[in-house]
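Shared chain: subunit A. Partners: subunit B in the first complex, subunit C in the second.
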Partner chain A sequence: MEPRAVGAPATVGTSLPRVDGVAKVTGRARYLDDLDAPGVWYGATVRSKIPHGVLDGFDLDPGYDWAGTGTVFVTAADIPGKNMILLIEEDQVALVPVGGRVMHVDEALALVAAPTKALAIAACAAVTPRITVKPAIFTMDAALAAEVKLYGDDNVYKQFLIRKGHARDAEFEAIVAGAAHVIEGEYVTGAQEQMYIEPQAMMAEWREGRCYIVGSMQCPYYVHKAMKALLGCGPTDVVIAQSVTGGGFGGKEEYPSMLAGHVALLAHKAQRAVKIVYERDEDIAATTKRHPARTRHRLAVDAAGEIVAIDVDCVMDGGAYLTLSPVVLSRGVLHAAGPYRCAVTRVRGRCVATNHPPHGAFRGFGAPQTTFPYERQIEKLAVLRGEDPLALRTRLALRKGDSTATSQILGASVGSDEVLTAIRDCAGTPPVRAGVAANGSPLRRGRGVCFYFHGAGFTGSGEARLAGRAQVAVVAGGRFEVRASSTDIGQGAITMFTQIASDALNVDPARVVVVDPNTRDVPDSGPTVASRTCMVVGGVVDRCCRRVRGRLEAWGREHGVTGDLAALANAYVESGAPELADMVQYEPPPGIAWDDATYTGAAYPVFGWGACLVDVEVDLDTYEVKLLRCVQAIDVGKAINPIIVKGQIEGGTLQALGWALLENIVYREGRVANASMTNCIVPTFADAPELETIMVEVPYPFGPSGAKGVGEIPMDGPAAAVANAVSDALGCAFDEIPILPEVVAASRDRWRLA
Partner chain B sequence: MKIELEVNGQPRTAEVSPWARLLDVLREDLRLTGTKEGCGEGECGACSVLLDGEVVNACIVAAGQCHGRRVVTVEGLARGEVLHAVQRALVACGGAQCGICTPGIAVCAAHVIDRKLLAGKPVAEARAAVRELLAGNICRCTGYQLIVDAVLVAVDEVGDS
Partner chain C sequence: MTPETAYTRPRDLAEALAVRAAQPSWMVLAGGTDLMVSAIHKRVPAGILDLWRLPGVGAITEGAGGGLVIGAGATWLEIGRDARVAKAWSPLALAAREIGALQIQARGTLGGNIGTSSPVGDSLPALLALDAEIEVASVRGRRRVPYAAWCTGYRTTALAADELIVAAHLPPLAAGTHLAWRKVGTRRAQSISKVMGAAAMRVECGVVTDARIALGAVADRPIRIAAVEQAVRGLARAAAAEAARAAMRGAIRPIDDVRSSASYRDLVAENLVARFFSGMI
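What follows is the complex of A and B.
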């Protein structure tokens, strides 16, 4: 570690109040719908009510005053570039063209814009699409049967097969056959709505042939890439700016490109600014959710309780377009064998096409779906052997020097023992098994634990390929601008960058200005996803600041200017010299080797480690599950800002607890049947238990001050801990989430109450 | 119709359709955009304001009902540049993340504190009471823990003064 010069005290490791905190608590922070936009028109989207068919055309109701209101009507024919939302594959259209295939309910078919919101809604209702209906697919089994073909010949968007310790299936099966016990299970996890409280929102305006788009988003350069293709323009002809964003959780990773395209097309035709802010029901119905998944798992152990083989077969429902599904599936399979020692593993994953609206990014990104199965399996092993669940996990946990399912040898920053020990030390006695509620209902209580890991940053060679960049510049007033496209979506990116820059420059945090991201003024730092912003981009900012500091100090020596770095910065700007700025690109740590063909090697630069303990109480009359206690111990490498990191862990934890117990997307014939906040519920203050959070710091040598990813990991584990606790309370297995009261009621015949 | 109301201590008038929502009057007619719309159906609480001293969801209150009444929004919590104790505590304790629910939570929490609804309660009981009193405000970022912490810190601060 470089010794700190006398001057500004270190801010890394302290809970500097959020830079944007006062603006947010006073209501002064301007989200998209708060921006002044004189003369702006309002857009609305004509959507399909049919899950699969062919668009034959539109009937426009002449009863609506199209001409008098000036309402514009936009179809695929108005698209100047290619009709696609460019992401991984060129399969998703921005608007279904006449003669084209409608792939899901609530797919965008056409757009309208009008001077008021009420008129836009009326115009939308005055458009009737004519669709020839085709048979549709709503289940993963129907997709795999492929009697209806939505994607290729087999409806499989992507599949992976990862083998370790064997070459062929027969060899693998022989090892399983030789095991003392084989635990088999099938596990189902449901779709989940991100439910950011600010709905999707975007505004566009064309000025002098250039398109300016501002909105709520995680990844300005994803939108930029998609708009270049859709609008058929060069990189400087479209500028994407992020407005203050009211939550993302993955839900504003890919979908904003669709909405940006829509407002850009409307603004082009209307020749004025147009904005769209989704209604909540529209947002829930039409935008992406966590992929539902079904996983079959076999855990083969010897007589001593050592794992001899792990076999996983996971299927995810990708929905109607490919979008990010291959990458979600990839993260899913890479975590599917769990953080346990095992010489022989086989992990198969498939993501299939259905006529559901496309599923997409959501915190954890496939890993929560595969963590739930392995942590239920390990729990069943503990029950089978009569072994303490935490002791069993500690006995089998991966440690430094062990190899993962992709044969990655774990190097530095393996916090498995630390998180397991932290949970053991605070566990205390389990809750008393039986009780009676105030209203006389009989109660049963139980405890569940889980142990898990989460790869930080992009998979495999992803970070090297992304080559994320950031720039730091000396600006007027003795200040320093950090220019990065990483967005603050509530996770505290601005504050974290401020702290890293402040320490690297050795200046007061008030001298650091993190620029609001837009694609004209900031370089592409890569997307704000994958628990990478602090670890990867934060590291780039750190290096960049040190270079700027070195150059500025050298300039000071050369010109005989003395003083601290702020004084030097001031003198530099006043000297009239050209802008002093430095750009740094991410460099992967040494020794990271990944083989994309065999899916072996270093899947991630580093893993975060987590352990969780949950106590529940089940009401045997109402079938409600109450959370009595939830403790999470997470290895974050280094908490740059402990309060912000705590907030990240607790927010992710409650999303996981909600996913386990009450968050439920009901699909009916491809349509979200509960598309409102009244029916599509998430945990409230009253549903949440007091959350106990233990931050463990096992430093990652290649992260800024030792930090590694934290955004996603807390989402992965708690659902399994809840299911393990409910299974413990009622003496029978719960292998599907959410564990709604209806599910508990239906399990009555299986209860084995102690 | 023309309505007259007091907003954050100032008399205001607005020419509105009688079925306009209080939320639209605040955000569009009066340009007080601190009050947010999260769901439009009274579920999320992002539009919480005080109407004659009681918490309401401004998205399900008709403007016509507000004639002659007093409204306090998030913009009315601070005294000049001096933030309300709960606003300070929300910043200090990390109770605001993405911030979109924060104005509604600040309004409700300020109400809890100003009305002394937690007076005399021991910590555990006070925390449970905060969870019940704020159950109409959904936050998707924090897991609520740091918001509850902030309310308790603000209660202590106000209690000491």
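What follows is the complex of A and C.
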């Protein structure tokens, strides 16, 4: 980094207070529910109670005063453009048309808007959809059997087969057959609710033929793309703006397009602003969750304990529409062989259609589902060989120069040794095996570790295709505007951009203004997903700032203006010259080659690396698992803002611990039976141990100041570490999560207590 | 609340009882932590009788003969922090500290828990094991009902339409009485119980001479387990634990729901009841 002028110390690497922090903790930040438009009406959604069928029509109860209240009723017939939530494929409708297929419980069938929320709820209750019921499917096996066809002929949304070190199955099987040991297992991971604190919320208004939509979202340009198709309009006829967003975790990646479409249609028909803020129950019941997955894994090793072959077959339940499933599955299979050296691997993945509400994006995006199986398998290898679990992982870990399952040769920024060493150094002695609680309950304790990696940024050629852009402009008051469509959803993006920009411009952070994203004023930086905002868009902002700085300094020399950059900026604006702004587009680092046809090559520009240690205590009277200790060591390249990065790691870790032990979506005939905060359990502070976080920094040469992704990686590993620890405590294998007390109770016959 | 809903916050119990007698259909509101949850599913009440911090019914005072009287308006925070409750009637203090989390404990009241008398009301097995009596008042006068006779079914109670709950009376416990409390919830805070229980066991010369064992979340209402209470009488601790375990088999018929399974509840209830005896300190 270049030397800085006196008075502007580097902020990167320091924990600058959150730029949005004061407004959020004092309640000044305005979330969508706080925003008002004059004369705004409230919308509500008529939903299906049937998992699969044909919509025959609607009965409107004349007991509700439709005319007197002015209530508008919107169906698919009111859609001006294509009845489609455009994302990857054109399969998901915004509203099921009469005569069309109902694909899941709580699918949107029609909409109402009324002057008050109470009236909207009453109007909604006055609409009864008529549906002819068809047989539905709820399991991956039923989907694969394809007796009921939901998608194509085989119900498979997407499949992948990635081969390394062999050409055909027979060849692969011969290598497995020659191994000294083959460890086989089947692993199941459950659905998971994002449980962002702010429910899905959106408001729309039409002014002079143009549709303005504001709401809680991760990706304004995803919504923009979907609205152009749904409303049948040009790119400037619809403007999407993000309001302050209370969490996303992937849950506000695809669903906001659906809700935006709904408020846009209602506002169009009502000829006034309309807003919808989901109730918690509705949000849990109707919006996307993490894909449940079932993975069969074979790990073949030779007599010396070297891995000779890895075989993975993963099936995910995509739910009723394709949504983002192919991409989730892609990330899942790309991580499925794990961060271990192996010359021969075969990874198969399929994502299938069922009549569950669509599963979708959730922090980790398929990788947690495939990390759990391989880290259980490696643990079984350690048990089989009587080898120390950390030593075994260290022995087999990928390092610089090694090749992954997609034959990617790892270059710079491989932190495998660093994270494993960090865990080894702080591990201490394992907890005493047996004990008795104060209330008399017998206890058994155990320890589990895991080692994992997570690709940062979009898969393969994704980043090059996205060509994310950002703009930096000189504005009045000696300030600099950062214009990017990356959203701050609580993860600290605004602060991170501020730090990168202030360092690159060599100005005080107070002179940097990160504008609230909307599709009229900011370029498309790509979606706020895939741990890419800092590494990719932050890098673009950094380059952009340096160019603006260079131009401003040149202008100063030319016009004989002296002073620091803020003074130059001020002078520039006052000179009346046209806006000085620069737009930079992402350029992939050199040497990134990816083949989409064979799924080989550089799957990701770089990986983050993680290792985790968990100590547990199982109460043999109540079968509850208590977390005694959880340490995460994660290689983030560079922590731009250490407290924010620590927050990301702790939050992701807690989500993973909850997924491992508590979080259980109870589906009954395709309906979420526990759609409330009371019964859809997520961990509280009382359920978490003091989380220990070790930040490891092995810089990535192409990230801003060496930074690479951190958002998702902490979610990947802890579930396996927990299962390994519980397996250690009770002497038997736990291959399915969540490990609810009910599951532990049912395993009593298998315990081998030491 | 809509503009048509009447609202009264009486100054004292007499005024409250008068309003109650005149408007038996009005919602009786204490901390509101149960009522707010169900409000969205219910019709807007004609009126609200707000008892929050009503003078005279929130105190914790010493009763006759060494007992304790806990006013209906006492919050879980107050009960959980009261040294007398913690010392001599510990199951109630422990239950108080495990209800909801701090915000709920600061607002939720004993009277509300008793008023709702849900099968998962955490204080209720404690009241059963401690042999508590519920005192109610109306313009007609006062009466006392043992908790065992109070809850008459799934969320139904012996409260008459003109009555208000004023207190729970905890009798003093005989020397040599051991107390226990366990809650097993869906997580460690803000959780609804899957199984919880309280026990009061009198041990004389190493032998259990009397026991009251109460469980919640395993039936349509909080219940005492008579089979266990009888089986343990006259037995030494270890033998009592075994006898309790045997007596638990078939003693309860819990249900499957979204929070847990019947078999888990059955098994854990058995373990906890046996542990009340073997883990006794």
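Here is the rule we go by: the second predicted complex is superposed on the first by the 749 of 754 C-alpha atoms of A that agree within 3 Å, B and C clash if a C-alpha of one lies under 4 Å from a C-alpha of the other, contacts with A are read in each partner's own complex, and residues count from 1 in each chain.
One rule holds for everything that comes next: contacts are C-beta pairs under 8 Å (C-beta built on N, C-alpha and C of every residue); 3 or more make two chains touch, one makes a residue touch a chain.
The structure presented is a predicted model; accordingly, all values stated were derived computationally and were not measured.
Shared-chain residue A:N439: touches subunit C; no touch with subunit B. Once the two complexes are laid over each other on the shared chain, residue contacts for A:G21 go to subunit B alone; subunit C is not touched. Of the two partners, subunit B and subunit C, it is B that touches more residues of subunit A.
Of the two partner chains, subunit C is the only one that A:A673 touches; subunit B does not reach it.
Of the two partner chains placed around the shared chain by superposition, subunit C is the only one that A:E624 touches, whereas subunit B remains out of contact.
When the shared chain is aligned, no partner comes close enough to touch A:G81: not subunit B, not subunit C.
Of the two partner chains placed by the overlay, subunit B and subunit C both lie in contact with A:A686. When the two structures are aligned on the shared chain, A:I643 is found in touch with subunit B, with no touch to subunit C. Contact with subunit B, but none with subunit C, is seen for A:R30 once the two complexes are overlaid on the shared chain. Shared-chain residue A:L662: touches subunit C; no touch with subunit B.
Comparing the two interfaces of subunit A, the one with subunit B and the one with subunit C have residues 678, 684-686 in common. Across the complex, subunit A is touched by residues 37, 101, 180, 182, 184, 186-192, 194, 258-261, 263-264, 267-268, 271-272, 275, 278-280 of subunit C. Of all residues in subunit B, those touching subunit A in their complex are 27, 32-41, 43-44, 46, 73-75, 77-78, 83, 87, 90-94, 96-103, 106, 127, 130-132, 134-148.
Those residues of subunit A whose C-beta lies close enough to touch subunit C in the complex are 439-441, 621-624, 662, 666, 673-674, 678-679, 681, 683-687, 741-742, 745-746. By the touch rule above, subunit A contacts subunit B in their complex via residues 15, 17-18, 20-31, 33-34, 194-199, 244-249, 279-280, 489-492, 643-644, 646-647, 650-655, 676-678, 682, 684-686, 688, 690-691, 693.
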